[in-house]
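Look at the two complexes coming up: subunit A is in both, with subunit B in one and subunit C in the other.
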Partner chain A sequence: MWLYALRRIILTIPILFGVTVICFALVQIAPGDPIQNLLSPTASQADAERLRAAYGLDKPLPVQYVIWLGKVLVGDMGMSIANNTPVTGEVLRAFTNTIVIAMIAVVIAFILSTIFGVAAAYRSGGLVDKAITAVAVFGISVPTFWLGVILVIIFAVNLSWLPATGMGAGGSKGFDYLSWSDFRFAVMPIIALALPPLGIMTRTTRSSLSEILNQDFVQTLRAKGLSEFEVMVHAVRNIMPAAVAMLGLQLGYLIGGSVLVETVFTWPGTGYLLNKAILTRDIPLLQGTILVLATAFVLINLVVDLAQSLIDPRIKRS
Partner chain B sequence: MTDALANSLAAAPVQSAPAARVRSYWGGVWQRLRYDYVTLFCIALIILIVLSAVFAPWLAPFDPYKSSMAHRLRPIGYRQFLLGTDEQGRDMLSRLLYGGRVSLLMGIVPVLLATLVGGMFGVVAGYYGRKVNMGIMRTMDIFFAFPSVLLAVAISGSLGGGITNQMLTLTVVLIPPICRVAETATSQVRNMDFVDAARATGASTTSILFTHVLINVMSPVLVYASTLVSISIILASGLSFLGLGVSPPTADWGLMLSTLRQSIYVQPLVSAIPGVAILVTSIAFNLVSDGLRQAMDVKA
Partner chain C sequence: MNSSRMRGVLKLAAIAVFGFGLGGHASAESVLRVAMTAADIPDYTGAPDQGYEGYRFAGYTLYDALALWDLSSSDKAADIVPGLATSWEIDPQNNKRWIFNLRQGVTYHDGCPWNADSAIWNFKRVMDPTAPQFNARHVGQMGTYVVNIASVDKLDDYKIAINTKAPSSLFPYEMAMYYMISNCAVTAAGNDYNVYMKKPSGTGPYKFDSVVPHERLELVKNDKYWNPARIPKHDRLVLLPMPEASTRAAALLSGQVDFVEAPSPDTIPRLKDAGMQIITVPYPHNWDYMLRVDTPPFNDIRVRQAANYAMNRQDMVDMLQGVAVAADQTLIESQPWYGHPVKYEFDPDKAAALLKEANCSPCKIKVGISTSGSGQMQPLPMNELVKEQLEAVGFQVQLEPMDWNALIGVFLSGAGKSDFNAINFSMAPIDPVQGILKKWMTEYQPPACCNWGFYSNPKLDALGKQALGEFDPAKRNVLLTQMNEMAVADAAELYIVHDLNPRALSPKLSGFVQAQSWFQDLTPIVVAP
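Presenting the complex of A and B:
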């Protein structure tokens, strides 16, 4: 077990390096001179030359990468073009806003999907199964940004129950998730975020459960006189490792996929930051945000894998 | 007498043979699909959507690019505008028909390209195992370090908008998951007895790969790839929504949704139409891939 954990942690390091390579490459694949991508359009020629020397952009690419990586490792991800503020601070502030609603959304989706999945698999092909499958298909197929717009029309415009956008007057500073007057701003983003993972997780739970229920050991359990509930507990325990892996994966997807939902609700998280970076072609901000999000995703996956091996001792990997 | 009994036993299977018709694998899949009306309906719907996109120039009642200041944001069914008009007074129905071309292209082409490339890498990685597997799958892991939307936004955001960049982005995003599915399926099949048996009889690696492995890997990979079509459509419309897809005058469902967002308070129904188009298309593709999954699962 510990050997596996150690191996898994060591294997994460090259992945993180790979992530930095891709993030470094983003500036390279952007059309135009990299220095123009890193500078604001109003910068003078002297500024450009100074930055070119500072980044060592006259040197070969591998050297440039090492210089850039050195800066990143000490927390310097360059300056945002639009605000001329350090990217690192801006991204980390936004990241808190993203991860909190993503975690709430994914936990809600996990609990509901387990319930739905069990209900659907229990009488496979029945009316409940059909209804739940329909909801799941909707959750998977719906574009989140469109769902966001529809939620705004219903709950903000027509019913006036919830605020349409933003985080309230106080902004992200002093935002209290435990008080309703603040939390109501997060309700619609959470619903829009939770629906796609709910659909995906319900579907996987249902299909893996009904597969398990067809296996011989389930028949044995019934034969030895266990109640249907106890049989279900056995079956659910069998799919838990996969379900936990799915949970982690979905959390990661939400963090990365938040760009659309956060854009619709102008929720000041990393997704909103990405949208801003795209609109203003602020490449340093784009690069920094993506680096932080991808790193977070890798670490989440690491935790999930370790948790999975704890839950399911059968997991042995080559 | 014993001879007669033996003869009858020997003859019995021959006599009953016509009753138990042996079906091919795909014949069985078709038999199951034939009675799955939801899937059949969705296949018909997809064919309809594809045809209406292909024949958009003949079907569209108006020029999708002709704007009119006098008829901006008309409601559904206003005079000759069956689905109303957008914020520039262009006919929604015509734009919707033309927009389907881009969306369908974005759903199908990247998936096909990614299935070819990702599937190949996955089978090779799964079958050879060890160092080859390590090399391929660890490289894929780097891409898995990015959630799909994030990777798409990262590549697309750096490359800039445009239809070619969007297609390239989606293909790169879809390769790693297909590769992983193919790898998992292959490494499961690889350890099965019949593969061992084939190896023991002296079959070459190529022949094992093509006659035993590929057949068994194909259904999970194809079913998985078919689920990716709707994901690809949604990803593409998301990129267009962020302004990373086709450039503005071109009709595209995601872009239409984005530009109509400001008009949500004036014409909520008209503004929601492009989203409905995306939703219906993506549900249809999802249900078809569900049906395929069920039809191709021999156990079910």
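Presenting the complex of A and C:
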């Protein structure tokens, strides 16, 4: 298994290389450049050119990319053009802010979806199944930014229970997840993040379990006189590999795809950072964020694959 | 059970369940929390980015310039007054030499003395690439204000002479935008501005306290500010970037902030219902179309006039629920150079006739617009309405939306580098340099500056030269007014509306006077507990 893990880690290198090349190229194709945000509207083009040269943006694109890559290989992701701060620190700080709420969201979604999926499959076709399916379809269909705004209107504006925006009363510095006065800032972003995976995983759990419950071995278990609870335990164990795979995939999506939720709640995570980097064409920051997100996504998938083979001995890896 | 009682019960339930209070933290310190529209904290090292919002919150709070804007009145357009210079005059013997008398007894926040040496050091920071304090980033923002300076001489410890390349009677306006930062602080930081930004130091009414990158900038009052009338009436100013209008409104309604920039028109009734103060005032912020006038169809004055006559500006004002006023020209009425120019009242028949006369039917135009951006108001619905009104008289409008960064690029590179006939790019004509000279004089066509659409009128150019060499303010204003009237008569732009810059303030704030300016003085604001 260790050999398999090593091989997978080595295989991530070309993936990451490809991701950074594509990302770099896409930013260049898009109109605009990072210097424009640093210029006064009455600046001359000579000022623009001087600034472009100061940031090395006057060099040919392949040269710019190779310079960036060379720095990354020695652990330096460069400086953000918009903020003049080291990208490494910026991205890691944002990544920490995102990974925590994404993990909480996905764990909540996993637990609830398992409960809902099992209940729906067990009562297939009944009222419970229909109600749970409605919730799941809502979770899958609802745009998260809309949900975010609705949550803010209800819980922040109308009820004043939770803060509308930000990460902590004094900013993310010193944010303590174990303190309610801080954690309440995370509640709505977590709910908004958790709902789509809750819907997807509920549907997956329900359909996988329904299929399992129709298999012969379940009939055999019942014929042997096992209680319904014991039958369900056997059945649920059989859907776990698929559920864990789905959990990993959803965590990956939440880490990279939380741009809208983080923007609505001004949550200073990677999604928020990515949005800023795109809008300001801050290429070093954009490249650094993408690199970290891609690495995280690949590693999460690897961990999920390994976990699957531990859970299900039938999945053999060479 | 009525809704307010239901809400009360729910709040009590929340307290019971979660054990948290709903009030703010008890503190003797009075804190003013401002939600900016900026997507990030503006550069606070003395050359703010992110448009004039950056100057408003990270510029004039921490820093002063030789001249400052008088922001004490809502009744007249803001003009410049003495700042770090107590007075200035043109050398009677040389109309290219300005003498500035510097204010004595002023120190930067770090205790560094303000004097002629500090002033000269500050000019070198942008003008001299060989100086150790030279900052290429600052050139991008500040270079435009010193482009006309040939040299700066020290006459004594509190007097400097600034030699300009050409006579420039409007030069003091440029000096109102050029911030002075502590030379001692930058030198102590080894001329490394990344180190300096950990403890920036100016002479402004607020001092830097702390920053959480991308999230908040905290300033505290400078109780030793040289102008006692402008010592802040609150202890701390917290600046929060919140680009989403709905988030800003929600933050104000939920008590997380006290002062919100530019609430969207559709949230204003809700904010008013909640007891918030909505403040609007005209200021020099024109939302218009810059026209490319060196190529068809806008090289024909009849087409430009037709576009202006096609505008039903009141419709636009109504759509914006009154947070804008109809624009007859680039400037607002309270500016001294407004004059009595031609007015293009809504007249669709006249517009259609002019297009027919110009033989432009359908008159195809391509317009670059942004999806959002600093000062762009509500660009998508507003541009749709402009398109509808133009097409009603015979234009065929192709709107090409792009993000703000891309449109800035289109503007900075000039009309010659793209195929747009017009762009919707709002500007800040706060002074005659930006509102008249750089907008219309031929010498400011790209790549020199910002006459985007290559407008050129030799008569206007001649008046401009005359104005720059006229040091009597009254006579100069007459010339500038004539220039402005001339540009309007030429229908040099498509005039649409002026923003009224709505702001929403918590009822616990008092004392704010919204100036007719892009810049605002926050110091008089009192925050009730």
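To be clear about the criterion, the second predicted complex is superposed on the first by the 245 of 318 C-alpha atoms of A that agree within 3 Å, B and C clash if a C-alpha of one lies under 4 Å from a C-alpha of the other, contacts with A are read in each partner's own complex, and residues count from 1 in each chain.
Following the convention adopted for this analysis, a residue touches a chain if its C-beta (ideal position, glycine included) is under 8 Å from a C-beta of that chain, and two chains touch if they have at least 3 such contacts.
All figures in this text were calculated on a predicted structure; none of them were measured in a lab.
Colleague: Identify the partner contact of A:140: answer first if only subunit B is touched, second if only subunit C is, both if each is, neither if none is.
Modeller: The first partner, subunit B, only.
Colleague: May I ask you to decide whether A:14 touches subunit B, subunit C, both, or neither, giving the answer as first, second, both or neither?
Modeller: first
Colleague: First (subunit B), second (subunit C), both or neither: which does A:290 touch?
Modeller: first
Colleague: Taking the superposition on A as described, I'd like to know which of subunit B and subunit C A:126 touches: first, second, both or neither.
Modeller: After superposition on chain A, A:126 lies in contact with neither partner.
Colleague: With both complexes overlaid on chain A, does A:152 touch subunit B (first), subunit C (second), both or neither?
Modeller: It touches subunit B and subunit C both.
Colleague: Figure out whether A:85 sits in contact with subunit B (first) or subunit C (second), or with both, or with neither.
Modeller: Only subunit C is touched by A:85; subunit B is not.
Colleague: Which partner does A:47 reach: the first (subunit B), the second (subunit C), both, or neither?
Modeller: In the superposed model, A:47 contacts subunit C only, not subunit B.
Colleague: Taking the superposition as given, does A:268 touch the first partner, subunit B, the second, subunit C, both, or neither?
Modeller: Only subunit C; A:268 stays clear of subunit B.
Colleague: Thinking of the overlay built on chain A, is A:259 touched by subunit B (first), by subunit C (second), by both, or by neither?
Modeller: first
Colleague: Can you pull the subunit A residues that subunit B and subunit C both touch?
Modeller: Residues common to the subunit A contacts of subunit C and of subunit B are 30-31, 149, 152-153, 157, 263-264, 279, listed in rising order.
Colleague: Taking the touch rule as given, give the residues of subunit B at its contact with subunit A in the complex, in rising order.
Modeller: For subunit B paired with subunit A, touching residues are 129-130, 133, 138-139, 141-151, 153-155, 157-160, 230, 234, 237-238, 241-244, 254, 257, 261, 264-265, 268, 271-272, 274-275, 278-279, 282-283, 286-287, 290, 299.
Colleague: Give every residue of subunit A touching subunit B within the complex, in rising order.
Modeller: Contact set of subunit A toward subunit B: 11, 14-16, 18-19, 21-23, 26-27, 29-31, 137-138, 140-146, 149-150, 152-153, 157, 211, 214, 252-257, 259-260, 263-264, 274-275, 277-279, 283, 286, 290, 293-294, 297-298, 301, 318.
Colleague: For subunit C, which residues count as touching subunit A in their complex?
Modeller: Residue list for subunit C touching subunit A: 7, 10-11, 14, 18-20, 22, 25, 39-40, 43, 49-51, 136-137, 139-144, 147, 193-194, 197, 212-216, 240-244, 246-247, 250-251, 253-256, 402-406, 408-414, 427-428, 434, 438, 446-450.
Colleague: Which of the residues in subunit A end up touching subunit C in this complex?
Modeller: 30-33, 35-48, 50-51, 54, 82-85, 90, 93, 149, 152-153, 156-161, 163-167, 169-173, 180-181, 184, 263-266, 268, 272-273, 276, 279-281
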